[in-house]
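Each structure below is given as structure tokens.
There are two complexes below, and they share chain A, which is joined by chain B in the first and by chain C in the second.
Then we have the complex of A and B:
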């Protein structure tokens, strides 16, 4: 039986909250990102260990799109982060007790 | 007597053999001798300044217009901030807390309700062109409903960006959460009021977990994280008869271990729970004296000592949110002017409900708003002659009922008057007088128990 997907922050990524944006830096490559709006929200909620369904609900409420739009936004952002090497995604066979989003490298 | 004229906000308080002239609407405070005070009173009565030198300058200022007396809000509702009660629930069982037995303690605010409240408030901010929006979180313990904060913060930020205004978040919290959550608070909130009563024996006697375990390790861990964070951190320490003699020690311990911007000392508010736990309010004289001693320690370390009703930097008609048009939304959608429990208002014959949140909007009762605004110091006759009236404004409408007889000072009045007097002396650069004053019980009693502080009233000043 498959477990939930676990999103893990890449070890090289350091991040900081700066007012209403989140700044990310890849220590290995020097590449940086400034997350705003939906991206900043999702980063914060991943950090808080929320489930996918809860993040979809909160994104829908915070940004006023439909649930379907919120799902698309969530999937798009996570895929972009995975492609950029900001996060790793794995399938867990054990339910994580705490946050599924490690703060590695911070 | 018409107390609205600034001349009726000129006070004379005896401090040893001197008179402290205090005119908050003229921004004037001066220590003068009795003869000078009488001449100034005569000058005010006849409206002429026959004095020279420094006394002439003071008479000129006091005969001037001064600032208008503070006045209750009028017109459309203009909330100073939006208050949210994410839940009345809590993960501690503080032995003095009256919220523990609240019927609604299990309720958590629905996320849609939180979103709607933010939308309503930010619509108002946008419509009125306000440059700053504020959202405050109260409890119970707001972080017991962390989802509400996580949604609210982001929704409000989005709306603030759209409105082009700044946004300020404040929370009152017990500090009982994970390190990760604490860092989130430090990163995302602007002002945090952390309840921490003192060293381990005090904290654990007052503020244990529900199963009796010590909360001290986790709360002090949070206090250290928050001390290092960007948010403005304030401690709130509840003082009882048993701990009043330890206020200086508590202040020293705070200074040695943490870096708050300020420490608010508040006497325990009697509840059925506090009485059952035999945690009684401190003697007001001892509270005031020890507050002032603790203040000196905190101020030496660059920290502010706060007693909420003795802030001499404010001029206000109401001590609390009730007079500021604040809108506080409860988990069940009730909109009220006060974050205390409804049963506690009702016990004092007050109804502080302003309306309800329904279908995404706040439905306000205009009569209820007017009623909340009427809770102000203008309607507290026993405060009319008190030099603290524009700062304390009669105190909490629910927990402090000033006596009907002017000049009758209860426990809260005594400590407020003593601490306010010291704060005025400090603002004048005359804390040296306060040093001597708190060591002389007779002098304190003479100052604090004056029946009327009005310079123009009575046969002679003080």
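Then we have the complex of A and C:
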């Protein structure tokens, strides 16, 4: 059990970009989250397929004075999102491909 | 309010038809509502305290027992409201002709003559025969719409001097022709110009659901008020009851799911269930900027002239995406 950890978006989570936030909704539970600032940036980077190193580097440039602070921020956000059910963590490389909405987005 | 579907069939094929998902997704089933089931629908209206039987389709007047169904509704003292394209069989027209304006009203949707859909002559005839009981409806599905013919049609047919304007909204699949939000402002300007022309002829315009406040400048809004237009920003569960006895939020949102119409169900409970289901999405609107708009209503779908729900929920929901990203982190780098 020493393989890498894989953070994946939970299948029920949908998102939309608003003017001042990224709005996340869990379609199964109706729970929602408004992501702003660093969280919104991290969400964009995750969607964009950035590596952890790249996200730490960019976060450090954008918000934090040090790489260590950026790592702590990233890890803290990922942990919060895992606890909230926005993402889940596994040791599997098998990705959950495809849209949760079926045809044409919903 | 609730609409009862009588027919899954229609004798027109409008490019913008928003029943496309509902009728397209359905298992092959009956084309028409069973007359016995119509009694159950009327029971539902009774226990919901609804005094109108709003009949739609497809084309509801194609139902072979249309006249009998209207009679059933009248026997329950319901005002019959028919949503039609006007291409109705003679029997259905005769039945509606016999009712007076307190017993029946007909909203007839017409398309521009240039759309190539035949039938305007029949629609003219039907309008003339129904007179003041009939009102025209017009769906806007492109920004260069030309509604001028409606004013002369009203004058000629002597029907109700009002026009219900609808915005062609997308089904969740997006398979129907529909207006994009970036066309709203241009459409708003054209609506105001048309409202002036219509007012000169003694005709008022009314808004169906899905219009947004930002389609109009403050000055244009004042103009519309002065012209007596029935302006409003609405988006809420209409409750469309299918032939199979399932209730949906509205046709564009049929893919949100349906609820069964049981002998105990009433409209407030159904509306509440749909509002709960859609509430998270009501935080957003059709535009990204809705989240910072001072006129955006809180999200329960109700609104006033000063508070806008953010447009059609189908448009809003279509902005949402699921992105199946994955981040692979070597174990020594991860804290989780």
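In this text, the second predicted complex is superposed on the first by the 85 of 106 C-alpha atoms of A that agree within 3 Å, B and C clash if a C-alpha of one lies under 4 Å from a C-alpha of the other, contacts with A are read in each partner's own complex, and residues count from 1 in each chain.
Criterion: a residue touches a chain if its C-beta (ideal position, glycine included) is under 8 Å from a C-beta of that chain, and two chains touch if they have at least 3 such contacts.
Note that this is a predicted model, so its numbers are computed, not measured.
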Chain B versus chain C as contact partner of A:77, first or second or both or neither: neither
Partner chain in contact with A:63 - chain B first, chain C second, else both or neither: first
Which of chain B and chain C A:86 touches, first, second, both or neither: neither
Partner chain(s) touched by A:25 [first = chain B, second = chain C, both, neither]: second
First (chain B), second (chain C), both or neither touched by A:47: both
Partner chain(s) touched by A:7 [first = chain B, second = chain C, both, neither]: second
Contacts of A:17 with chain B and chain C, given as first, second, both or neither: both
First (chain B), second (chain C), both or neither touched by A:37: first
More chain A residues in contact [chain B versus chain C]: C
Shared chain A contacts, counted only where both chain B and chain C touch the same residue: 16-17, 20, 47-48, 98-99, 103
Footprint of chain A on chain B - complex, ascending: 111-112, 115, 146-147, 150-151, 154-155, 157-158, 160-161, 167, 178, 180-181, 184, 187-188
Of chain C, residues touching chain A in the complex: 172-175, 255, 276-277, 279-281, 283-284, 288-292, 316-331, 333-336
Residue ranges of chain A in contact with chain C within the complex: 2-9, 11, 13-21, 23, 25, 30-32, 34, 46-49, 51-52, 75, 78-79, 82, 89, 93, 95-106
Chain B-touching residues of chain A, taken from the complex the two chains share: 16-17, 20, 37, 40-41, 44-45, 47-48, 50, 54, 57-58, 61-63, 98-99, 103
